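Here come two complexes built around subunit A, the first alongside subunit B, the second alongside subunit C.
And then the complex of A and B:
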């Protein structure tokens, strides 16, 4: 489990409860991720905010106690390779410089540490020492030395009664073989340096929603009081700006909706209204997106007197400590300036660096926006391009805690299916003849299923990933690949059989269909639709398997035409069209009319279309002269 | 009450705008979400009734009266709306297309008559320069140093080590010939006739 936020913790617990040994690795010195920082949570069915720590802590404790879960903090994934369905991982642990078993978390070390740095756990609004524990309830409950800032003065060592500090401690590389990997590496928030028009960073009282969450967190810089960072006074007005960096096509912007910001803004507005009814709260929004039951919480905010103005601010200016938020009230068609003393920016959710790094190491695909790409958003929402690797939480796309937990449990159940249920495979899998393979890697480059890899100087195919599509056969100049169960001899024999005993003046057409095309052809029969009796169907996993020699053999054995039918939404389809052109060129070279070979897209419900294609092609063949 | 009638080709105006020679190929007018970010930063909108967001809404709603709206003439073509638009749209560009439509209809031509002196400047000097009819308002906006700059431009340029900005006779004739052959001259005459 890569990532120790709410997604990684939830998925680990589900797996552990099913008896599956799980190792949870976390880059930070403590687990809990973004959820521990947000303080208060919104929920679909409730009109109250829940305490994040109260929900998370029991889960964290259970994870710590559970015998099937091992937690490694300060740890990242270093490298990964696959071997027949398993993954060999190398995990790198940064030295904590504090011996976990000895530290009793007394804090004497931090008291004497002379190095002061901005505390990232409070979004830089407070100061911590170079030896620190991020927050009181941190798990593991031990101090950590921040190596970037530690001066190794040794003062902490002098005061530590437990002899727990080891300034010579070295990092560790841990090898590990696992059956499955879950990516739960989370998100980061939009870099405000890209939008200088909002003056963020120039004024302390222009903050992000996460900073506001820390300000209002009881364990935050103001112990939960809503005070302006500049002067510790309660703001008279809070203006929230939605879609900062989201739904934004400008350079550096994010084209998508970050999904949670409307609810986050409403949550903070409600919390402010409950505790500071005299503070005016205005949310400047584009579209208020509170789908499903969240709408009730939105109505609740309205009833609390939260004000809403429909318009997207273009600029925030400051004069004498008063901010002016400029926008158009688009409903009343009025350019508007709102004066305020606190501005809160609802920044976009972006893929974290960890998400991008880990995806690179594991060789899983990313979306255009650099989130981890799922295999199919509907039927395989937690599977990645690589068999055995799953994704959940905000590593896969912007989502709230509720959705992250749902997805984490889905990922856990998919891992469990794989580990407890085993795998059923089609027999059509590529096999390599190592005596012929020259390790040129062309097959590895072409395979979008990422089934081929080199292990100990030998080209290997992962049978769980390979679909037997045959695209690699085209690339191999050394004739080193065969598809088991669909060898050239077998395909040639099927073709010969289909053309056996052909009578003079009789037309025969070979139809190579993939599994979707084959079901479609079955439906033609079930629905008693007429097709010409010239059609002879051969089922093939993918049109990539059909090579010039097969086509030429068919014509040599007397075929009058060839139809190839494939479902267009498979991973390798992009190559199919190019292949068909290659086959036609090959026919031309051998003095065969290229019109005798056609390609159609096939769909299961569109069997009438396939039947009419059969009829059409049969008619066309009859008119061809050569 | 407004009614959106059946069989009404409700995208005619937006299609005409997109077909215009001036329209960028990636003009994001259909993607407008009416957020008003353009209006929030528009200097024209802050001083007049011009509203770039509303202008785009009217184009999208096939409201051809927008072409006759006086307010479209309050755009400064500063392109701030374009630089801030999160949907890849460009209100300035759409504004210019609508103005051209208004000119083609004949009504907008009055709006550009006072700018015809710019055209004369191109014809006479080969370069565009602020016509002297605008000097008074420039002094009002910029201050008395504006006149100083205008009157002593050659000396100031010489002090800065810059050559004369007056083009050679040959170049001026060449520019005039281009403007004549491309129809600019005719067009300018047509605009000037409207003055009377």
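And then the complex of A and C:
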């Protein structure tokens, strides 16, 4: 489990409860991720805000105590390779400089530490020491030395009664073989340096929603009081700006909706209204996106007196400590300037650096926006392009805690299927003849299933990932690849068989159909739809399997035409179209009319379409014959 | 980052530059000659129609047809890369190239016009002009050669407080092609840095229009100048002494109207207005009159030059005006 936020913790617990040994690795010195920082959670059904730490802490404790879960903090993934369905990982633990078994978390070390740095747990709004524990309930409950800032003065060592500090401690590289990997590496928020017009960073009282969450957290810099960072006074007005970086088509923006920001803004607005009813709260929004039960919570905010203005602010300017938020009210179509003393920016969720790095190491695909790509976003959620690697939480895309937990459980369930249920494989997979293979890597480049890989200088095909589509056969100049159960001899023999005993003046058409096409053809039969006698069907895994030699062989053996049918939304379809053009060129070279070969997209419910295509093609072939 | 050429460049003449601030063109040539940029100016080139187009005097078809002709002139002389000095030319030419490449009906109409005018040789074919790969603002050409520019600096301008005004039609229209920031435009700031001048960077209203709005300056003069005045106020609050421009129209709005606004509002801004080409040329030691052409400015540049203590013969324009007046009398 890579990532110890709410997604990683939830998925680990689910797996552990199913009896699967799980190792949870976390880059930070403590687990809990973003959820420990947000303070309150919205509870739309109950119209209340619940305590995040109170909900998370029992889960963290269970994870710590569970015998099937091992937790490694300060740890990152360094490298990974696949070996027949398993993954060999190398993980690296940074030295904590504090011996975990000895530290009793008394805090004397931090008292004497002379180095003061901004505390990232409080979004930089407070100061911590170079030896620190991020927050009171941190797990593991030990201090850590921040190596970037520690001056190694040794004062902490002098004061530590447990002799727990070892300034010579070295990092560790740990090898590990696992059956499955879950990526739960989370997100980061939009870099406000890209939005100078919002003046973030130039004025203390322009904060992000996460900073506001810390300000209002009882364990935060102001012990839960809503006080402006600049002067510790309660703001008279709070203006929230939605879609900062999200839903933004201009360069540097994020085109997607970050999904959680409407609810986060409403949550904070509600909390402010409850405790500071005299503070005016205005949310500047583009659209309020509160589907399902969330709509109730939105109405509740309006009943609490939270004001809403539709429009995306263009600029926030400051003069004598007062901010002017400039926007167009897009309902009245009037330009508007709102004066306020606290601005809160709802920043977009972006893929974290960890998400991008880990995906690179594991060779899983990323979306255009650099979130982890699912194999099929509709029908194969949480599965990545690599068999056995799954994704959950905000590493996959923006989502709230509820959705992250649901997805974490889905990922755990898919891992469990694989580990407890075993795998059934189709026999049609590529096999490599190592004596012919020159390791040119062309097959690796072409395979979108990422089934081929080189290990110890030998090209290997992962039978779990390979679909036997045959695209690699086209690329291999050395004839080193065969599809087991679909060898050239077998295909040639099937073609020969289909054309056996052809009578004079009889037309025969070979139809190569993939599994979808084959079911469609079955439906033609069940529904008693007429198809010409000339059609002879051969089932193949993918049109990529059919090579010029097969087609030429068919025509040599007397075929009058070839029709190829494939479902278009498969991973390798883009190659299919290219292949069909290549086959037609081959025919032309051999003085065969390329019109004798056609390609058709097949769909299971549209079997009548396939039948009429058969009829139409048969008619065309008859015309060509005459 | 897009590829920016340093050769085969047609330096695209601009009517506002030639009529109002011809020093922008001579400054550009002055710089190009010194940073090894191979360019050419063609007398046959026509106006881009921009001003007329935005005044609703030229329709899009005429604009596109003239662009097609100008593109063919560029191609014919082997200078297929166009570098403009005016942001209006920039946006107009890019839009026209897009239309010619993507709209078959418009392309056919334009080719018919060329045909009817006995210019069949100039027929436009798709992607004869690539708006991304072939059309640039001269500031981009400078940016690409900023290291070379830095090595040639002779005059230290770092004693001035400088702000930049980035042209809307460079930053906001074809924003996917804009370099050095759209929301936070920094192209001219980077060029100022190349001649050793650190600008004030971001300021409130940095991205706001100059206010000219083409005919708005004349038909809605109060609104137009109110926008200009608002920006001048912020610049004054920031104690800016020089505002750098990349579009002659913006420069006109600020330079020609600053005294008018000062008069109206009974305030003084005392801000010098220079095009980035003029500013760089000055830093490279160009003559303020023969190259920068400061004699065409409304806000006199002489006080700026005096502070630099350059060996140029600085003319006192006020004295000159007095002398001229007395001659007339």
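Just so it is clear, the second predicted complex is superposed on the first by the 623 of 626 C-alpha atoms of A that agree within 3 Å, B and C clash if a C-alpha of one lies under 4 Å from a C-alpha of the other, contacts with A are read in each partner's own complex, and residues count from 1 in each chain.
Quick note on the criterion: a residue touches a chain if its C-beta (ideal position, glycine included) is under 8 Å from a C-beta of that chain, and two chains touch if they have at least 3 such contacts.
Computed from a predicted structure; not experimentally measured.
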Would you mind checking whether subunit B and subunit C clash or fit side by side on subunit A after the superposition?
clash
Is A:327 touching anything from subunit B or subunit C once the two structures are fitted on A? First, second, both or neither.
first
Looking at A:462, would you say it contacts subunit B, subunit C, both, or neither? Reply first, second, both or neither.
neither
Touching partner for A:194 - first (subunit B), second (subunit C), both, neither
second
Contacts for A:250 in the overlay, against subunit B (first) and subunit C (second): which applies, first, second, both or neither?
both
By the touch definition at the top of the document, which applies to A:287: first (subunit B), second (subunit C), both, or neither?
first
Is A:335 touching the first partner subunit B, the second partner subunit C, both, or neither of them?
first
Subunit B versus subunit C, judged by how many residues of subunit A each one touches:
B
Taking the superposition as given, does A:560 touch the first partner, subunit B, the second, subunit C, both, or neither?
neither
State whether A:311 touches subunit B only (first), subunit C only (second), both chains, or neither.
first
Selected from 128-136, 146-154 or 254-262: the stretch of subunit C that, after superposition, runs into subunit B:
254-262
Between subunit B and subunit C, which residues of subunit A are contacted by each of them?
197, 250, 315
Give the list of subunit A residues in touch with subunit B in this complex.
197, 243, 247-250, 253, 286-287, 310-315, 326-330, 333, 335-336
Per the contact definition, I'd like the list of subunit C residues that touch subunit A in the complex.
175-176, 178, 182-184, 202, 204-205, 207
List the residues on subunit B that touch subunit A in their complex, please.
28, 31, 33-42, 45-46, 51, 53-54, 84-88
Subunit A contacts subunit C in the complex at 194-197, 250-252, 315, 317-318
